[in-house]
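All chains are identified by letter, namely A, B and C, in their written order; residue positions are counted from 1 within each chain.
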Amino acid sequence: MLSYLLLALLVLTIAAYYAGLAKARAFAAATGHHKSHHSLAGYHGAFVAAWAGIPSFLLVVLWLLFQGPVVDQLLIVSLPVERLQDLDAGQLNLLVSEIKSVAKGNIFGTPDEVVLAAAERYNSWNGIASWAMVASALSLTVVALFVARSMLAPRFRARNHVESITTVLMITCSLIAILTTVGIVTSLLYETMRFFSMVSPLEFFFGLNWEPQIAMRSDQVTAGGAFGAIPVYVGTLLIAVIAMLVATPIGLYSAIYLTEYASDGLRAVVKPLLEILAGIPTVVYGFFAVLTVAPAMREFGELLGFSIAPNSALAAGGVMGIMLIPFISSLSDDALNAVPQSLRDGSYGLGATKGETITRVLLPAALPGIMGGILLAVSRAIGETMIVVMAAGIIAALTLNPFEPVTTVTVQIVTLLIGDTEFDNPKTLAAFALGLVLFIATLVLNVIALTIVRRYREQYD
Amino acid sequence: MQQLPIGATKMLSTVKPLLAETAAETKITARGVSVFYGEKQALFDVDVDIPKNSVMAFIGPSGCGKSTFLRCINRMNDTIPIARTEGTITIDGRDIDDPELDVVELRARVGMVFQKPNPFPKSIYENVAYGPRIHGLANSKSELDGIVENSLRRAGLMKEVHDRMNEPGTGLSGGQQQRLCIARAIATSPDVMLMDEPCSALDPIATARVEELIDELRESLTIIIVTHSMQQAARVSQRTAFFHLGKLVEESETTTMFRNPSDQRTQDYITGRFG
Amino acid sequence: MTEISADPIRVTHNWGSNEARRRVKARYTADRRLQFYGIAAIGTAMALLAVLFTSLIHAGIAAFTTTKVELDIFLDPAQIDREKPAKANYRKLVRGAFKSYFPDVKSRSQERQLYGIMSNGADYILRDYVVGNTDKIGQTVKILVPVSDPFDQLYKRIIPRRIDALSIDRIALFNALRQQGVLSVVDGSGVVRTTVYVDPGKVPSEGGLEAADYDAMVKEGLRSLFLKEYSRSYEEIVSDAAAGKLKALVAADPSLVGKTIDVDLPLAANYDNLLQTGQATMRNPRFSSDDEFVWFDSLEARGLIANPFSWELFFNADSRFPELAGLMGALSGSFLALLVCFLLSFPIGIATAVYLEEFAPKNRITDIIEVNINNLAAVPSVVFGLLGLALFLNTFGMPRSAPLVGGMVLALMTLPTIIVATRAALKAVPPSIREAALGVGASKQQVTMHHVLPLAMPGILTGTIIGLAQALGETAPLLLIGMNAFIPSIENIGLTQPAMALPTQIFSWADSPERGFVSRTSAAILVLLGFLIVMNLIAVYLRSKLERKW
């Protein structure tokens, strides 16, 4: 039905365009001379079409977004009070989902009278709501069409009106970026607050024991599971440090060689290859870690006589380091290129070798830019998900041994939420608390890094 | 603002009576026009009257405000966010800041040609047809063809391009490109034409061609030309205004200006002491 | 400062001295060292890239063919109803046809092993064939069905028939035991005679003998067999049943607690094999008997085994059986999600960029929007997944696992890329074009729509394609909104139907234990990388061919 409604709206909008166009042409023909009216006929058409189409389309979108929650609320309110007593949020959710599934016709066993009646109400309300949406959207379109058409006149500034509408649309689009951030922050904050109402923040930030996966019965919501996230943070940092130890020297030296020594031919070959490295999806890196790197490390360790876990921090961090090489190298490249030629000339003029110029003049001058790049890479490393989900551990062990498995914030978020959508226990809510920590950490790192890089650029601009 | 008769124009530093040698009808009147770019004032309180169907040249050293003033006349300064204009400019007695007057209508009536030829990266035909099309000046394809041909003919370009109307305008030579831009400006049948150093990017032959064209167009248009070349101002204009440091120093008949300037700064400029 | 200038010391330096020459030489060495580090770094990066691609291609190439066995099947009209051809017992038909190749296989257990050579999907393949060709009912048809995963891998030489049971140092360990004479064969299975102290300390007061740590006692006993420490690999010499045997002994005679006894502990399978056959290899445990090899070899000798290109990889839905699993579901899911992503992010991104670049006044609000967009570009993708989960699924009640929601989340992530690219492309359009259009009386929006946007379009499209390529490879947010559903059919494809995407398919296959999924995963990655390369090539082409240089 929705697709028919949208189709009908589209047809009406097109009709509105032609209605406006026809009216504008009619008075253009009547007045004879084209300069006597303000806007081109097309703008009159667009004006009518915009008023006919946009408000009713918005109405439909909002209706669709809020029909579900509103009908759910009505449903809960309509349930008999005695049925709602002694139900906690989780059980209420369960009851509502049961009613919904009965309403869809998936009846398992014999549901009780209350559920059957509620399901019937639910269906009828949804039906009423859908028809009300169709009726109101269509009537809104038709009314807007006629009102807008009646406004047309030879001196009517249709172009200005259409351009105002376009401007409003563009501003709305620009606000989506803000709304996204607001959405991220509020949803993370809201679920984190709920988490902290069940688990003390003190435990979450300073506890040393992370065991969220313990199966929980409904009567021991907070009894089971330990949510001390320190081991998770330590694991995240360990893997990030390993990744940076791999990526920074390789990336930095590559950048130095490419900007200062390499011939144009070599640059033309190596740079795109590094870009390929940057364009590979992280799930591929994760599989590469599992398929090649971890077994190779294990065998190498056996050769040396010590055991390396198959999901060691070393394997995950090392592969993440490979992923970050192009990132570091291109940011260092930018930083080195931003150093003005005059500094180089000054150094060469004193008889310095290329190497001396690089280590004594260019690197110190480019250091803020390079540091900024490294911070950005660290932020990427702690936010990176797929490599660690596939190659790092799930158990949170508090260790700094790179040969042991550790877990990370992102791994925990994914494992806690895969296959689980009930937002009523600390296990799933913990993922949002971790998400908030991750969001804040990466945001702070990025802001610092971008500030450093910007200051550095300004210095040479 | 009350319209003052020519010759009674208030001068800024010196008050110098001007005798109106030709009692031409005034097309454009500016009173107290100042322009600010943010905090910085670029134009100070300019008063000037520009007669109809004549060429007025704005001369002066670079950065003196002549282009800034030119861009006030079709409100091109509106497109610079930090720019702010004060004072009044009227065309045929109508205030150009009148909220009833749409800026796009103003710009259609006041054509503009820029320093560097800037044809759209489209065909020659499309370049000229663009203006009439967005203003709805043609009711049919043949009418539009007529406007395009007529404009190209008036710009003296028709003979050179009649067989390649669908080739890109950017493929023409510099001089041809500038005449194409003039044709494009003519196509919306303006009655004022603003030219911002239209020949500065052209070679002498192309410059001569454009100057001839300006002289022809004068019959039907009021033309204001900003130029850094005093010879050009002397060649093409009937009246000349000299700007210095954002102020209109002197405005008079071109012959008077060059033979017998009344202000010392004008004297210094035209004799080449600065600028 | 004044002191220095007051005392002008002339420093003279003899550039020709040996000392000076040596110093210059050392400086050049340092320069070359830096160059060497640079080359080494680039070499490492390139080598890693090469290893990445070779290992993926090496592992993935096998999945582009499927090993199949040819069956002659009589489509018996008595068994297949022409009216309802889907209802017949195709398993019976397929097995019958396969069995006819091996008339001497009689016992039930042998039959079961024999049918194990064929893929579990063989009956469905026949069913689909018959449903599509009802005119063939009553005839005998030749049909190719895939073999099961171990035989597919065997035919492609990915897994061996026999595997090394023991490494060299383990064989040394075995030989040390043999020299001590503690190894023997009792009742057809190898044992090691071990002296075990039944340690009362390992019998807990609670639980008693039942809960005692026999495993530790066995390990203690084994250690005593070795003078030399062989890391801890000596512990693997006995099978898992060793502790149980000890436990049974002690349970039968509780008086043994506190005593030292000699007990024959059963050897682990690989050591048992070495003791009894003298071979350090054993049958690959993926196969249940050597008969299977004989049957498979005979099929191959009769020319019944083929290895054609695997269309199944592209056109099948997902499956638990690697030889049947295909990417159709993932490809359609990714396509739909990318379509939604494009339809949302392209217009919204362009509108935002055009507004910020061409129309917005420079004020606090637009500053905030700008900072916001830059920061959004750096938010980890998994956080977008959390947003999708909390907002789209939980608050707005949108369907789980649906490409619609996946596309919406991806659109939010792609927006910053498109906005940044569009703004760069708009900036590159010279102001003279804008002035020219304004000069003939075009309104600002007409200038943008008629001139600036068309000229910026190649740059915008390039950025969009790059953004979509990133979105195509994005995994974590799709996992969180459940787009890793196992969908074994491709009948219900739709924006709101549960679906899979290419990267989540890779993730779930990578997690599957069957050997065949290793090459399936690599092949899926190669397909994904293929798409990414094509998209990037298009972007490069657009950039080089269509983008104007001003």
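The rule is short, and it goes like this: contacts are C-beta pairs under 8 Å (C-beta built on N, C-alpha and C of every residue); 3 or more make two chains touch, one makes a residue touch a chain.
Values in this document were obtained by computation on a predicted structure and should not be read as measured data.
When the interfaces A-B and A-C are ranked by how many C-beta pairs touch across them, A-C comes first. Taking the mean of each chain's C-alpha atoms, the chain closest to the overall C-alpha centroid is A.
Our note on geometry: chain B versus chain C, Cα centroid distance of 69 Å, whole angstroms. With each centre defined as the average position of its C-alpha atoms, the distance from chain A to chain B rounds to 53 Å.
The centroid of the Cα atoms in chain A and the matching centroid in chain C are 23 Å apart.
Touching two or more other chains at once are residues 159 of chain A.
Each of the following residues of chain B touches two or more other chains: 104, 134-135.
Residues of chain C found to touch two or more other chains are 443-444. Within the complex formed with chain A, the chain C residues making contact are 27-28, 30-35, 37-42, 44-46, 48-49, 51-52, 55-56, 59, 231, 347-349, 351-352, 354-356, 359-360, 366, 368-369, 372-376, 378-387, 389-391, 393-397, 400, 412, 415-416, 419, 443-445, 469-470, 472-476, 479-480, 482, 484, 503, 506-507, 510, 518, 521-522, 525, 528-529, 532, 536. Those residues of chain B whose C-beta lies close enough to touch chain A in the complex are 102, 104, 134-139. The touching residues of chain A, when paired with chain C in their complex, are 65, 68-69, 72, 159, 163, 166-167, 169-171, 173-178, 180-181, 183-184, 187-188, 190-191, 249-254, 256-258, 261-262, 270, 273-274, 276-277, 279-284, 286-288, 290-292, 305, 322, 325-326, 329, 353-356, 358-359, 376, 379, 382-386, 389-390, 410, 413-414, 417-419, 421, 423, 431-432, 435, 438-439, 442-443, 446-447, 450. Of all residues in chain C, only 361-362, 430, 432-444, 446, 450-451, 455, 548 touch chain B in the complex they form. In the complex of the two chains, the chain B residues touching chain C come out as 74, 76, 79, 81, 103-109, 111-114, 116, 118-121, 130-131, 134-135, 181, 184-185, 187-188.
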